[in-house]
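Letters A, B, C, D and E mark the chains in the order given here, with residues in each chain numbered from 1 onward.
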Amino acid sequence: MTQPSLVTKDLTIRFGGHVAVNQVNCEFRPGELTVIVGPNGAGKTTFFNLISGQLAASSGKVVKDGVEITKMSPSTRARHGIGRAFQLTNLFPQLSVLENIRLAVQAHSGDGWRLFKPVSSYKELAAKAERYLEATKLTDVALLPASALPHGDQRKLEVALLMAMEPDIYMFDEPTAGMSLDHTPDVLELIAEIKHDKSKTVLLVEHKMDVVRALADRIIVLHNGELLADGAPDEVMSSQIVRDVYLGKSGEAAA
Amino acid sequence: MKNLTQILARMGGVNLLPVAVAAVAFVLIGVPSSWVTLTVAGLAMGMMIFLMASGLSLVFGLMDVLNFGHSAFVSLGAFVAASVLTWLAGWLGADSIFLNVMALFLALTAALIVGLAGGWFFETVIIRPVYKDHLRQILITMGALIVAEQLILAVWGGTPMAVPRPQFLESAIILGDVSIEIYRIFAFLLGLAVYVALYLTLNRTRIGLLIRAGVENREMVEALGFRIDRLFIGVFMLGSALATLGGAMWAGYETLISPSLGAEMMIVVFIVVIIGGLGSIEGTLLGAIMVGLVGNYVGFLMPKMALASNMILMMAILMWRPSGLRPAVK
Amino acid sequence: EDPIKIALVHGISGSTYEVFSKQTHTGFQMGLEYATGGTMEVAGRPLEIIIKDTQFKPDVARAALAEAYGDDEVLIAVGGTSSGVTKGMLPIAEEYERILLIEPAVADSLTGEDSNRYVFKTSRNSSMDMQAQALALAPDENLFVATLAEDYAFGRDGISAFKAALDGSGATIVTEEYVPQKTTDFTAATERMFNALKDKPGRKVILIYVAGGGDPMGKIQAMEPARYDISISTGGHILPVLPTYKRVPGMEGAIYYYYEIPRNEINDWLVKEHQARFDSPPDFFTAGGMTAALAIVKGLETAESIDTESLIAAMEGMSWETPKGTMTFRPEDHQALQDMYHFKIRVDDEVDWAIPDLVREISADELKIPLGRTN
Amino acid sequence: MTLLTLNAMQTNIEQYAVLHDVTLTVPEGGVFVLLGRNGAGKTTTLRSIMGLWRPSPGSVTFRGEDISALHTAEVARKGIAYVPENMGVFGGLTIEENLILATKTGKFDTARLNRIYGLFPALKTFWGKQAWSLSGGQKQMLAVARAIIEPRDLILIDEPTKGLAPSIIDAMADAFREISETTTILLVEQNFHFAKSLGRDMAVIDDGRIAHTGSMADFAADKALQDQLLSLSA
Amino acid sequence: MTEQNSTGALIVKITVLTIGAALLFAPFLFQDVRSLEVAARICVFVVLVASYDLLIGYTGIVSFAHTMFFGFGAYGAAIALKQMGPGWDAVMVGGLAGMLVSLIVAVAIGLLSLRVKAIFFAMITLAVASVVLVLASQLSDFTGGEDGITYRAPQLFKTATKLAVDEDGKVLRLFGVKLNGKLAAYYFVFATSLALFVLMFRLVGSPLGTVLKAIRENEARAEAIGYRVVSYRTFVFCIAALAASLAGTIYAIWLKYTGPDTMLSFSIMIDILLMVVIGGMGTMWGAVIGAVLMVLAQYYLRDLMGAAAEATSNLPILPELLNPDRWLLWLGIIFILLVYFFPRGIAGTIMQKGIAK
């Protein structure tokens, strides 16, 4: 088996008395797509926040490729190859779609500190940005400010930003929420493509069961901040406890 | 250690800060009569600053509007009250307490009315288009400040104006070596009354909640069935009226006023609002009293430091509590 | 004939002091009128006045003055209102080699090291104020003084001038309090002064030297210094401020001008005309403006020819009549030496303000005004 | 009986014409579902009813009264509640305060409150917490709870199941079914499965026009129509 | 946001280039004293406003300490010129000292407080700036206190200096303009300002410029995709401080006078703010337009209003309102209307026009 690229050890965060993520131990490997499910408020987004650094852990560790990153700032973690997209769309609203993507590309290339050469002279940057625009089918709206896009396209741009960061670890938080059915397949295809690159690790939070079934190599279940189940999709989805806390009746119907 | 903090918290937490400062000052000053004089004067000064700051804090905290034009209302209140008092100078000079009080009452009422009207105008014309946009608020209220100052200059001229005071507020009560100005006692009581009134409206009614919700999401409050636009005008009018009231009281204290009065008080007022914590009337009161007391104690103990005392106080408090003493949002 | 051009370079917008500049302008106009008998002509040439606004900004002031000299080609410029702005104007006069007559800015330094031979000053300076103030206290061994001033150059210089004037009189300074500029609460400083003074024998005086807008005198009076036999002393002030002096009847000090004090023809005319035209008596700056106009006309009339060098020659050491009596430009630094007035406050309920009654004239030679410029 | 009528409604947002012609009749009682792709104009329709956008020309009639010129607050006081797409919870306020604002008198009706606790236990758990700290799904619950804390005549709900866990969706479906016995619900949904189980009548909106109206049962049976209007074939 | 190819953008660029040309030939085009003063002031304020726009327009940092840095540069040069006598060594020493102090203070403020909320940051800068203002007035032995310092500029810039002489030893004239030290001083101001402006212009067009905008738009997201926000903010705060400091040095050399009212006071801060907003935040072109309009207004609006008041003198009320001394009132009203109707400022609004959709 390959070495895990990302490991959490006893990862915990408390908000006052409330423990949102509780002693979670988990390993994630390159080439594997893990879907994280769990009821609302289970701590999925919080778990992502702890890995990507938006929140600081109360205790426990996050280790990426053998390096402990628990104390690092979000930007440092991003430069260590951790990338994420947000559950609530989180863009640069007044900048154009192209600029949004270019920012992500150049963060990766370390060009942010180039002071005096005009942006246009960085050909490679432009070419890459162009590629991600095409991949997410946003070329037509490249020059519009992000805030002018309809909801569906904003979600796509959110995904495009993550792709353009070219991280080792991809974390998607409900990427298709609120997206109508004609748009959803575009995004799912993109995620599937990343999966084919065996050096990348993918984490995905998703409530739509058809999506989960189509993509998951492995499912982990969070409940009340605790790791409740971890294993192959069929196995996890059919376990009684998951049905009880997560799927409810519709789960039974679907299973 | 932990026990101690808990005990302190139960006894009132940061509210004890002025008491602690006063206690330390008592030891350092060593002359009890001076200490009493300074403390009482400081408390009253704090209350006057509170009057000027409360409107800003209200508008800033509840509606998230940073109104640089606030100081124009302070000046306006001062000049309106001073004009009324000058006009009624005959009543003031009279021996009848009733006439004295009537003149004072009319002056304060005039200031309040002008504040309400001005606030209405300000909200509808100046502020309404820039809710939620801090930068444009700063800019547009700055522009309004320039215009308002020029208008005051045009109406009252630039010469300093002497303000007559009612006879019964002149002079001081002398107890041994302690002297307490009557005007300061009056200011203290008025400030206290305003504080209690504000506290009750904001905490005993849904108004405070509505305004906070309205700032966050105006449309949603309307969708719940409230006319947030009218409420906002109301709050703004109240804030401006408090400013003019504060200005009127300040005019009576200063007795010689010039149109730059508001602008000169502005830094102190901002400091008070900041160290008090955004949006809380309690915090503003606490901040104002701290500024009043510390100013007097430092002025007595280390005159050289008096200048920087407010700044140092602000820095120290922000280091200790980055969002002020008693922020509305915990 | 070509007109003789004179520029008035003052701040007439941008600060509340703009009204003072306007008083100066009024006084200046009336002065010209008086001196030329209404013809507005000197030596057969008409006078033309050009008004420039400094906006109370030194850089704008410098540009305005340069423009007056360079583009409008005025012979003489008169200005400015605040000392800082005026200080910035000094080198421009030197650069263009034209006369700058300072009125009404007061700072001593305007005729000091940084000044130059093109600068004349008709307005009084701070040393005159403070020395006169000291003399008005009739200092002797029996006098104990606590001083209160604002903590910046102007305040500190004033107090040193005051101390210098007390030197040798035997009077004691028990404490010097300096409060930050724009202070509004004087309780702390007052307590310190009370504590320092109250156990002293003899006459006990608090001397106030605060120029800002506030009213420290009223606030100290409200703390009832009389219970320790302490009295207050401070300089006179412009009319709008005098109502606040009603709280201190009997107070003594020194003043630069009050319209009822000087007894001479010019002042009589000024008071009468001003009353008639503006329905109010003239104030500090009206008198000052008139003084400047009278100096210029006299200079032009006595100069051999109408050019800068002849004018300087004529004006150095020149004595001329003003609403305040005779003044003389000291040849060394071009400061106009003048009389000051020792006053005592009288309250008359019929009058809106407190009246500074003349106690005695402090003549120019009693004051030992230090020499400014030596270059 | 007709509760709400939208009559040839056109709505412009700034210079863009978003709704071209929306004519719709919502009968009293039950759940009326409005379907459509992203950007079709569903949210705009709801906002136009609430008076948050102004339709012109066109009118909105509620219980026979034209409400299209009323201020949003007045529309709300006619008994219409709105659960917006972005949930519109007041993050700086606690759960309790959010709910208090939604009541008429400032006091809770205990029975209703208990029913809400039953539907969404999480709200009880976090009662005194500030709403910004809630998870995405919990905010959605709060938004719905606000709409039903008082009796209303009509509730407009914009995509309530977005981001909800399956078990909660079930609970929500039950809740809507129960509510719809006394109150009419106009529901905008992407989750066709969910919509299908609730709706009695339905309409599809496409590019700012009503493309289809009819009963839910008929629509659910007609796969070809679904495919044509919603790209549901996948 | 395609600023590049709209007709509006073209108009703005042509305007700015015209302004540049007018400034370049100012001494020859407008041969009076006031015009040259105005032109020099415009040059300096373009730099000052552009550097402030780096903060407020590009990065979204609201600072009230910008005049403080301007003052450091000015006082550095002024004190050095006063103490060491007029000479280039003094200019160098003073200018560098000003920059050094600016840098230290900027780093300190940046590291200590750029993490706090924007509104607190604005307050803290206001506090620091007012402390410095008071210090300048207290340390009067050094700074000349309220009155400021006058001093002499290097020999080359003295009006009496002759750059070229004709046969009689008199100053040579070119198109009627004396080739004297004043002219040299003006071109010194123009050239140094131009250089600083071009540097900042390149800066905002570089990848760094985009990062700054990203921070303005959504700080947390910029951090999440890998930008160290605090470093970038501190960096741009320092750059802006240095540019302001240099502008101060240049202005001090030109004016030969430095005092709190010209270099430090809060009213200059307000001027800068007005200029940025009038021109348009977040575009360097706007800085030029804003500075030009505002300086022209300061020097000429009065005259204009005087003329207007005279022209309307037989109408009621109008002349009173058009009284030249009320020019600030009108400026304030114009400013409010601008913020209200053209939130993107003049340059920003024009650039918006004619964008091909």
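Everything that follows uses one rule, which is that a residue touches a chain if its C-beta (ideal position, glycine included) is under 8 Å from a C-beta of that chain, and two chains touch if they have at least 3 such contacts.
The chain lineup, named per UniProt: A, D = ATP-binding cassette domain-containing protein; B, E = Branched-chain amino acid ABC transporter permease.
Fair warning: this is a prediction, and the values are worked out from it, not measured in the lab.
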## Note on the structure
Per the touch definition, the chains contacting both subunit A and subunit D are none
## Note on the structure
Between the Cα centroids of subunit A and subunit E the separation in whole angstrom comes to 45
### Message
Please tell me the distance, in whole Å, between the geometric centres of subunit D and subunit E computed from their C-alpha atoms.
### Response
54
### Query
Using the average of all C-alpha atoms in each chain as its centre, how far is it in Å between subunit A and subunit C?
75
### Query
Counting only residues that touch at least 2 other chains, which ones in subunit A make the list?
none
### Task
Please set out, as single numbers or ranges, the residues of subunit C touching at least two other chains.
18, 151, 180
### Task
Find every residue in subunit E that makes contact with two or more other chains and list them.
134, 326, 328
### Query
Of all possible chain pairs, which ones touch?
A-D, A-E, B-C, B-D, B-E, C-E
### Residues of subunit A that touch subunit E when the two form their complex
52, 54, 73-76, 78-79, 83-84, 86, 90-96, 99, 102-104, 106-108, 111-119, 122, 125, 143, 145, 161, 165
### Touching residues (chain side subunit D, partner subunit B) in the complex
50, 52, 71-74, 76-77, 81-82, 84, 88, 90-93, 97-98, 100-102, 104, 106, 130, 146
### Message
Considering only the defined contacts, which subunit D positions touch subunit A in the complex?
### Response
36-39, 85, 122, 133-138, 140-141, 159, 162-171, 190, 192-193, 230-232, 234
### Task
Sort out for me which residues of subunit A touch subunit D in the complex.
15, 37-46, 87-88, 150-152, 174, 177-183, 185, 207, 209, 245-251
### Task
Flag every residue of subunit E that touches subunit A in the complex, lowest number first.
1-2, 199, 202-203, 205-211, 213-214, 217-218, 220-229, 232
